[in-house]
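Below, chain A partners chain B and then partners chain C, in two separate complexes.
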Partner chain A sequence: MTAANFPFQAQQRRVVVTGLGIISSLGLTLDEFWQGLTGGQSGVSRLSNFCADPLPVQIAGEVRNFAPERFMQNRKSIKIMGRHIQLAVAAARNAFQHSGLSPENFQPEKLGVSFGTGTLNAEYQDFKDVLSASLNQGKLDYHIFGRESQQQVFPLWLLKYIPNMAASHVSIMLNARGPSNTITTLCTSSAHAIGEGFWMIRNGQADLMITGGTDAQVTPLGMVKFYRLGLLAEDGAEPSQASRPFDQGHRGMVMGEGAAVLVLEEREHALRRKAAVYAEISGYGAAADTWDPMEPNPDGPSLEIAARHALSDAACREKEVDSLFLAGNGIPFMDCAEARAMRRLFPGAPGPRAAAIKSSLGHTHSASGALASLAAVLSLQRRTLPPTINLQSPIRELEAFRFSSTARSLEAGSVLVNNFSFGGNSACLVFRAHNE
Partner chain B sequence: MPSRQEVFDKVQNCLVQALGVKPLDVVPEAALVDDLGAESIDFVDIIYRLEKSFDIKIPRGELFPQDLLRNPAYVNAGRLTAVGAEELGKRLDFTAITPIEPGQEVEKVLGKLFTVGLIIDFVLSKCSQAATNC
Partner chain C sequence: MSGFQSTQRIDGRRRVVITGLGVVSPAGQEADAFWETLMRGRSAIRPITYFPADTFPVRIAGWIPDFDFPESIYPLDNRYFPDRRTQMAIVAADQAVRDAGLDLESERPDRVGIYLGSGEGSCIDLEALTEIVHRSLADGELSETNFLKHSLDIVAAHQAFKSEAGSSTMYLARRYRTQGPNLNCLTACAAGSQAIGEAFRRIQHGVTDIMISGGTHSMIRPLDIIGFSLLTALSTRNDPEKTSRPFDAGRDGFVLGEGAGILILEELGHALRRGAPIHAELLGYGSTADSYRITDTHPEARGAIEAMRLALQDGNTGPDEIDYVNAHGTSTIENDAMETLAIKQVFGNRAHRIPVSSTKSIIGHLIAAAGAVELIATVLSIRHNQAHPTINYETPDPFCDLDYIPNQARAFPIDKAQSNSFGFGGQNVSLVVGRYGERPSA
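Coming up: the complex of A and B.
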């Protein structure tokens, strides 16, 4: 596909990125994150936010030193925010400040929110009292539960966890009266959210969209859920070396948490207010494998389709792709399926330059697409591609791809960001350096 | 029966938890809405915490008369009717308040009416009815 196939392209509204915010295991500011990522640091370490001694896996990319009250306009709103919502609101606030937007330079009706979030992160401690009180000879007695729950269950409990509450709080905080949408597709959630937000601006339904994703599944139950599915890398001697996407020694993913937000803005709107523009978002595509609820099709066809759609949407030829931000999470069946899809898309040698930032961050699930997109935008702005750490011997399918263990310069081309979820759900985004 | 000071200490803790305010802000004359920033969603939380702290049951509408606000016989165009003012006075017979005049804006009345002291009176009243140690 080329631009010539898209007669409407010239008339479409262009969309740029004018604000970024992140809360991550590598730091709570853009500079901390970027310095850590490009410096080859790892956010993965031994769990510290809760006691994990008996857990079979005791490492994760935790967000540390996060004090939610620093980011909240209304301090008591924290009580109705699960941790994933707190991370999202903090990242959104940072992104909004970074964008330089203020109430006088946008219409609230044209400012929307599009967020990716994950599962309803119900934690068993929320129900500890009522469940303990409802046991009758070792079994859960619903008669007792019905009575006890009226006094023991926190009445605002549901508000802490409903998936759309991250977007709702951000809308309220920023007086965003446009669309307030949430997508929950696990690892592809935030990529879908960014893509749909991009299309909303391009289609004229909004001038500005606060887009991104959040997840906070580094909890005792979250760790056990993924461990029981056999998806976690077992602890090695050094936690920072456990996340090994595309390495022949990959053995599973490492849990991570965080939130990232991109302020997307119609280009003319941004130029009128003389906003700093960090990159342009130019393409989005999505597809599904229809193969299995957990494992993708081993050949990764949905990822190839999503990538081709995104490149077509961006009117970008494969050879114009400077770099790839791969989804690679270290789970062998996911890495291999993605690698085969990318090999079909980029069959030449040498292959494109590539980075897999989950090697540094672990898998942040619903936030991962937003973190990778934010990293891609910073890469384009700062002309630097971050390294892939812990990659000593790439799997055979990606031997031709150009990874690096250190940061290196990036040309002013386009960047393709892959996102790949269980069951072969795929979403790809294309960003390019902003052309003045 | 707990002493008034014991009730105050627990009520103070409930309000600090529910409203995110400092303990020193929770004084008997402080109004929940006007002084401590309570919003409608917080009243559900406050009742939950009072029930757990004092082991009492507070039926919906008993302490905070939300149902009264939605009844056109009690509130008309945002102002208390004569019947509404009388009903509100009856609901709050556990405490000593200045007689409520009809015609006042209901939001303003409720913003000032529900003080920390009123909550303490309510809890003491409930504890005496339940004849428990609360």
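Coming up: the complex of A and C.
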């Protein structure tokens, strides 16, 4: 795409990242997460949050030791938050603190929220009493259900799951009265949300955006759903080795959960308040797949389009991309489609340096774009590219790409972050090291 | 462009026009039929009959008993046969594409995008869940272990996947072979308007030339009715024709509806070059958060006022230029009083002279689709210089003292209009739309 396609951006503003917060299977703080990720650890282990005995797959990247009351001022509100909302509010609180923002140095009308979330994660616990009571000869009796549900369902049940509630709780917590959006596009949700937030600042609708995403589907129904779709890697002897994106031994994804939040800020606004700047967000591109509602075109054209648009948006040439954060989730048809798209984008040898962090975290679905973006920002700030674990021999398409099983140093270039959803929807983001 | 038409606004952004309309609603399943029902002011709310609802607190809805999805699009036995909400989005989008005279095959696919505010399909199938509970109990107890064991046999995973909030947009991309940005936002009752506002930005800023945008929603199901009803948002009056009564003193909650509204948004130059029908120009969009409470709107309508003002500023439109307001008007006590306050704050003394009406009085609350279907009503108001009434308006409420076009449609000049959508959690969206003229009004 040429610059002429973006006439309005002649007056565009630059946007930087000034705060990060994460709640992940590798830890509940930035440092724990980063040490685990760069140390080649895996957040995947045997399920502990519920008893999964009947399930053929009993591993996941669970968030452990998360105590929501440590993060919430208003403890009563915890009751009306599904787990994904609790994770998001905690990550947002950490990111806001990390940004050094305080009520004196921002205008509430210019602080917005843009989050990516998942679906209504209703769980059977919410209805087991009423459904047990509504059985009549083994079938649901609507007459009983209609009556009993008014007594036996938690009155604020719906609030625990409505997708925009994470953004709403965060806007209340931080006094964010600017634009508020919640994107629900499966695995691309939070990448879209970050890109949308970035453009809102660049185009002048906000000075600050709390962006990111959250997901918590490591639940009985969540696990069953993905298992039945045939997308989960079977348990091996060692849970930490099950998630193996781009490895010839990839057999599926591993469920993960978590939340990550980035504070995006107009650059001058950040410099004026002498904020620490961790990286610049410079490009965003999104594209659709026309192949199949649930599977991407095997050649991954949507990802190539999204990546090219994001690079063009960032005025960044392919050869200026220092490293790639791949979407790779270990599902063979997804990994191969992404690999082909990237091969067309980076045909030369040697290919770019690459990392697939779902190897350590599993697939956090609508949070995954935020987790990858946060990792990309930390990579640029700390000049370290995290490893890809469990990658013994890459699939043919990516043989020329430079993966590493240990952390490596990273140049001060640009980083491309890919996000690729089951239906082939794609969103790419470009971050670059911030120079004064 | 040559000639008088300027395709850019004074601020350098590109102008965006609406060239196609598609609607599936309780009041009609295409734009003209929808408009006629609205103008007649006849309620489209009906008793729920497709499941035994007689012990439910709510037994009426704006549902569409005769909605029919052509098997020529997806045969019933296709594994991708879409759920009801996606079916409605497809039917409405087909109408909009046809109305716009678009030949999508001749467009560059990555310059055409989709942005919906789609609700969800059935997050969980109640009968399937009951079957799991039944089998677990037959096994001795409803333990987590038993539940998991039986859910493995019963959960219809493809069904669950197809009902994800983000899947409707993927069906549309596949149907129209679009490769541009493909997004879905779900900001509760503001989603449809928000999607249109965000789609508008994409064209304004040059990312795409055409956006297929709007909302779709179908949640008139036992569990969802219970969920909304427990939040005390729904009226339990259960008199089909009389329950939805926005701004009336006797209002006591909203009525759920279902449907889809899809609009084709197009860059003005692109529309002119291909000689497209131009229904109206989209002028301004504002989005804010109340940042107040999860379940209550701000008592001084802080976020709503700001969203309305932002939309006017964004459209370079003065408050004195607005001829008609299509209100969010849900028929809840809080919303209608709050919205009245917001309108008075934004328009000052003129507020009492601006006709305001609520589409929800006739079709109920289409949640994520509401804003899109209501924007279509607003566009049609501009086209016809007529506005539909707020029906069931019988007893004035001192807190709602504007001209709500009570019970009878009205003809008056409408060049510019504003449409509001406010959602749970304090989401506020407002859109400004105007009659298309050659000179940029913004």
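Everything below uses one rule, namely that the second predicted complex is superposed on the first by the 425 of 436 C-alpha atoms of A that agree within 3 Å, B and C clash if a C-alpha of one lies under 4 Å from a C-alpha of the other, contacts with A are read in each partner's own complex, and residues count from 1 in each chain.
Methods note: contacts are C-beta pairs under 8 Å (C-beta built on N, C-alpha and C of every residue); 3 or more make two chains touch, one makes a residue touch a chain.
Given the structure is predicted, the values throughout are model-derived calculations rather than measurements.
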item: Which of chain B and chain C A:Q151 touches, first, second, both or neither; value: first
item: Partner chain in contact with A:N49 - chain B first, chain C second, else both or neither; value: neither
item: Greater chain A contact set [chain C / chain B]; value: C
item: Partner chain(s) touched by A:V113 [first = chain B, second = chain C, both, neither]; value: second
item: Which superposed partner A:K79 touches (first chain B, second chain C, both, neither); value: first
item: Which of chain B and chain C A:Q241 touches, first, second, both or neither; value: neither
item: Doubly contacted chain A residues - partners chain C and chain B; value: 80, 154-156, 159
item: For the chain A and chain B complex, residues of the former touching the latter; value: 75-76, 78-80, 151-152, 154-156, 159
item: List of chain C residues in touch with chain A within their complex; value: 8, 11-14, 51-57, 80, 82, 109-110, 113-114, 120, 123-124, 126-127, 129-130, 132-134, 137-138, 142, 144-145, 147-149, 151-152, 155-158, 160-167, 169-171, 173-174, 177-188, 194, 198, 201, 204-207, 222-223, 226-231, 287-295, 302-303, 306, 423-427
item: Residue numbers on chain B that touch chain A, as the complex places them; value: 17-21, 37, 41-42, 44-45, 47-48, 51-52, 57
item: Chain C-touching residues of chain A, taken from the complex the two chains share; value: 5-11, 50-55, 77, 80, 108-109, 112-113, 117-122, 124, 127-128, 131-132, 134-135, 138-140, 142-147, 149-150, 153-159, 161-165, 167-169, 171-172, 174-186, 189, 192, 196, 199, 203, 205, 220-221, 224-229, 286-294, 301-302, 305, 309, 421-425
